[in-house]
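Below are structures written as structure tokens.
Below, chain A partners chain B and then partners chain C, in two separate complexes.
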Partner chain A sequence: MSVSIVQSGPARRKHRILKHGGLIFGAFVLGLVVAVSLAAPLLAPYDTAAQDLFHRRSPPIWHDWLFGGHRATWAHPLGTDKVGRDYLSRLMYGGRISLLIGLSAACVSGVIGTTLGLVAGYFRGWWDMAVNFAVTTRLSLPVVLVALVVVSVYGNSLPILVAVIGLLAWDRFAVVSRSLALQASQRDYVVAARALGCSVPHILLREILPNLAAPLIVIATLEMANAILFEAALSFLGLGVPPPLPAWGLMLAEAKEDIFFNSWMIFQPGLLLFLLVLSINMLGDGLRDLNASARR
Partner chain B sequence: MLAYAIKRLLLAALVLLTVAAIVFGVTNSAMDPARGIAGAEALPTDVEAIRHQFGLDRPVPERFVIWLAAASVGDFGNSFALRDESVIGLIATALPVTLTLAVAALAITLLVGVPLGVLAALRPNSLTDRLCLMLAVSGQAMPSFWFALVLIVVFGVDLGWLPTSGVDEWRGFVLPSVALAYYAMPIVMRVIRGAMLDVLEADYMRTARAKGLRAGRRLLRHALRNAIVPLVGLIAVQFGFLLGGSVVIETVFALPGIGYLAWQSIGRGDLPVLQAIVLMIYAAYVVLTLAADLASVALDPRIRLR
Partner chain C sequence: MSDPLLEVCGLSVELSGPPPVRPVQSVDLVVHAGETLCVVGESGCGKSLTALALMGLLPAGMRRDATTLRLAGEDLLGASANRLNDLLGDRMAMIFQDPMTALNPVLTIGEQLEEVWRRHRPAAPKAGRERALLLLERVGVPAAAARLLQFPHQLSGGLRQRVMIAMALMCDPVLLIADEPTTALDVTIQAQTLHVLATLRREFGAGMILVTHDLGVVARIADRVAVMYAGQIVETAPAAALFATPRHPYTRGLLGAIAVPGRQRPRERLSTIPGSVPAPTDAVRGCLFAARCPEVQPACTAAPVMPRDAGAGHFVRCVRA
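Up next, the complex of A and B:
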């Protein structure tokens, strides 16, 4: 009987994955964005800085179908900005910036939070209190304000952005890995490893950490989505990605100046941002559901 | 309970010191406001004189202690950028705008989020439940500033129903508070839905039904009253978030509130204003979370504070 359970395990998991609509949708959209962003140098019709001065503020092609007129051009199917830069090309390269910052910031916060959580959960006592205090402090910082201050002080560059977002978003990693490490440190395999004389780093990294991987990956996806939104908001406020780069938040900030006469300009970058964050969130939720049902 | 409140306030004071030190350290160690105050064409000697006049030539820890001593008696000094304005005065002018915005956004959040959460919990996995879930999921993924821009385009530009900036009349608050509320609403809805699902399965609900209580009374007096307990803490956190997180929304709609003031102060290198705002938002957060903890004890006698 145990044999049949072992055999049906992977099949059932496959079934569960395919049945989860959100997971499929999220993975598909995210995959599409990643693929297009990576292939941007091959796919993008123009350079992101190239200006087509004869077609400035050219609306996307659907604009003519919806509202009449002959302002749109097939040369720029998604339109151009106020200096005639191609929206399609900029959006493709913009995806790279969002993904890069989201992924790196999630990694930074993951490393910080998981380290603190592991230490607090394994050693307990003073370590635990110190980490708890750090989490409380972090939760009571007005995040947006602090990020704005730091970026305005140290200048806006991609590494600074990643560091700021990563340093401000490690709390969930710390809380979850702390409680999981607390549980794991009582388990037989950890007690056994300790009895065998394994070093503390070995126990933390080789024995406990692999068992935390699944829940931490779920948090990492959700934090990546948050980091992307955060970066876009900072860029929108003018204290994020520095200007000539085609970040979606920056494109929205430029489009805002044109909102009364060319309101279509806010549509494309915002929709992409929304879809990207939505797909990562749905992927994360789906992975969490899979974890939960695998535990049961 | 009093001992608990005192313990909480002591911890809060300790965290406050840390937060103040971090913010003060980050801003003061890297920003040089003297150059900004003196203006672009000032001579180096003038800049040096201003630095001395404002005490900016002293070491950062010393400045921190001086600032903290003054702040603890409510003296935040004058703004660097607008020399005649006291920091307290600037904040006092901006605070009503932010408070109005936050209260309005919270009201919308609750008025929409709570009924939807209850509705979703009544028939789990029904079409209604799924629609509510979709609304929540999309709300969490929606960049708040983009949603604000879409609202401006639709209701301000295309339809022309509502003003797109300023607070000259109450209608100026409609779009910003809706934009803020849409961001806070999903989590309220999810919490209420989860709490209602738990409560609806409780024995006392079966008893209430057996006693023949009508559905409306059963839901309001028995179920919702219990489901609301987890909401109290959430409201406190959300309100604190609305106070501090409205930077983006206030900037989009050019509302002269705390967030907009902070954004302007960053641009002007106005350290005193910035420090006071961060401190104030933190104090609001502490008071709100403490009040929420005490309120949940009052609502649910089963909760014991440690």
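Up next, the complex of A and C:
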């Protein structure tokens, strides 16, 4: 007996993805940043800490093209900072730090928030009240101040930054996964899973969590963008990534006295930060749209 | 007769809260191996709650109460929560009313079927796939191997219900509880699904409780019938006896309300039972049906009416029986 089964789903989905401009742009830019960051050891012409003292504050090539002059050198196509470190190399490695912090912080907050939300939504009652209390408490904390205090007490290292950002940004995960778990736990398939003798962890992780995956991924992208910006802000305040690591926020901070005479020093990491966050947000928006149209 | 497969005595469901309400009251049920017991009654009479209570799956806020609850000789009332969880899906399985919502939309059919196997047969995880394939073929799902990789939304309602049946049969349960398994389906698909259910139940030798409000389904499939009214079982009898000689006035009213082509004169109205079901919050002293009963007597409202043995496996909760 031969029965042909129409496989229209994946093809239609592919079409929708290709039609979504923001999604394509976001995925492309983010992909580029990820690729360059991963390949930084291969691509970067210099060590990030290597100083070329004869070429300090050397402007990038494009600066000469736009504004004339012959100050730029092909030895440092994107210029050097005030102590002669190669901007191109530092920007490449800087992407690693931004991505690392964004990704790990989103993971930390995602795990915390989703766990709390699942438990609150499934068990309800006291659990729900406790989680709601935790969320309201978290929302009433001034994030920047808490981060400043923690970093100034425990020092600034990457793990501490990730922990601080992750522990301060789980609220959206918790709220969304709570309301979705609340809905999902009323569904027949959850009762059916209980009727098949499935344990509570199994129901939470295997039956309910996959149904939450799409919206949670969207939130994760947005939280990742937020974490990257927050890291840059902390670095700018000198409480983020410790020097001499080449983080973009730190490069902004180090270039702030050059803002009037060598504005390209602040412009380049700023632009990259802007593009990275924009691309992640557009990717998240695109995924959300895709998800919404898949549900229709 | 041999020991019953399922023995239920005095099963009640209580909804806490002022005042506590009992949507199911002292239900007694017996199911023998290889037997199909149909529980019939109108909407809201407590049939689905009875089924859920048997499985221990009552919604939050409801409490089960029973004097006896034994499955194949094993006492379920004293069993630990872990033991009960082991029994669910393995020894007793449930088929749900709406196949559109009872399958997880984000897991493939194969994953969902195999999961039951892995849960209850961890020793032989590999055999789950073969078992799933075999059962899908047995419940009449065409292209079973391809279906294993599909998601529920790619299947029609009838196919999904067959998948639900296959899922319930994964671990070869001794007792199947089907809660209105055909209500959400088209009439033609209903007939097919019932046929599948009846055939498989016979092949697997399981006992079955089938909850329904459709007397046509009862006539097709039941060995014995329990009629529920307002949370009580008012009559239990072998199917043939119930249709031939209904003893409870409510059962007679139900049977009389069936439209049979050719029996009615043109424009004649179907017979109905006057009045409406007492609310569970109403304090009714005697027979719950007394207010609507055409044959009511003073004794009906004087004291609670207990089920009486009318002989030949026929039990009736009526003073006149």
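The rule is simple: the second predicted complex is superposed on the first by the 290 of 296 C-alpha atoms of A that agree within 3 Å, B and C clash if a C-alpha of one lies under 4 Å from a C-alpha of the other, contacts with A are read in each partner's own complex, and residues count from 1 in each chain.
Basically, a contact is a pair of C-beta atoms (placed from the backbone, for glycine too) under 8 Å apart; a residue touches a chain by one contact, two chains touch by 3 or more.
Computed from a prediction, not measured in an experiment: that's the story for all the values here.
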In the superposed model built on chain A, check whether chain B and chain C fit or clash.
fit
Should A:Trp74 be classified as contacting the first partner (chain B), the second (chain C), both, or neither?
neither
Would you please give the vertex angle at the Cα centre of chain A, with arms pointing to the Cα centres of chain B and chain C, as a multiple of 10°?
100
Using the superposition described at the top, determine whether chain B or chain C touches more residues of chain A.
B
Which holds for A:Ala195: it touches chain B only (first), chain C only (second), both, or neither?
second
Just checking: does A:Pro142 make contact with chain B only, chain C only, both, or neither of them? Give me first, second, both or neither.
first
Is A:Arg187 touching anything from chain B or chain C once the two structures are fitted on A? First, second, both or neither.
second
Which of the two partners, first being chain B and second being chain C, lies in contact with A:Glu207: first, second, both, or neither?
second
Once the shared chain is lined up, is A:Trp126 touching chain B (first), chain C (second), both, or neither of them?
neither
Contacts for A:Val150 in the overlay, against chain B (first) and chain C (second): which applies, first, second, both or neither?
first
Looking at the superposed set of three chains, what is the minimum CA distance between chain B and chain C in Å?
22
Common interface residues of chain A - those touching chain B in one complex and chain C in the other:
none
Spell out the part of chain B that touches chain A in their complex, as residue ranges.
11, 14-15, 18-19, 22-23, 26-27, 30-31, 137-138, 140-146, 149-150, 152-153, 157-158, 244-245, 247-248, 251-252, 259, 262-263, 266-267, 274, 277-278, 281-282, 285-286
Hey, which residues of chain A end up touching chain C in the complex?
1-3, 5, 9, 124, 187-189, 191-199, 202, 206-207, 210-211, 213
Within the complex, chain A is touched by chain C residues 55, 57, 60, 85-90, 93-94, 96-98, 101-107, 115-116, 119-120, 142-143, 146, 150, 154, 164, 167
Any idea which chain A residues touch chain B in the complex?
22, 133, 136-137, 140-146, 148-150, 152-154, 225, 229, 232-233, 236-237, 239, 249, 252, 255-256, 259-260, 263, 266, 270, 273-274, 277-278, 281-282, 285
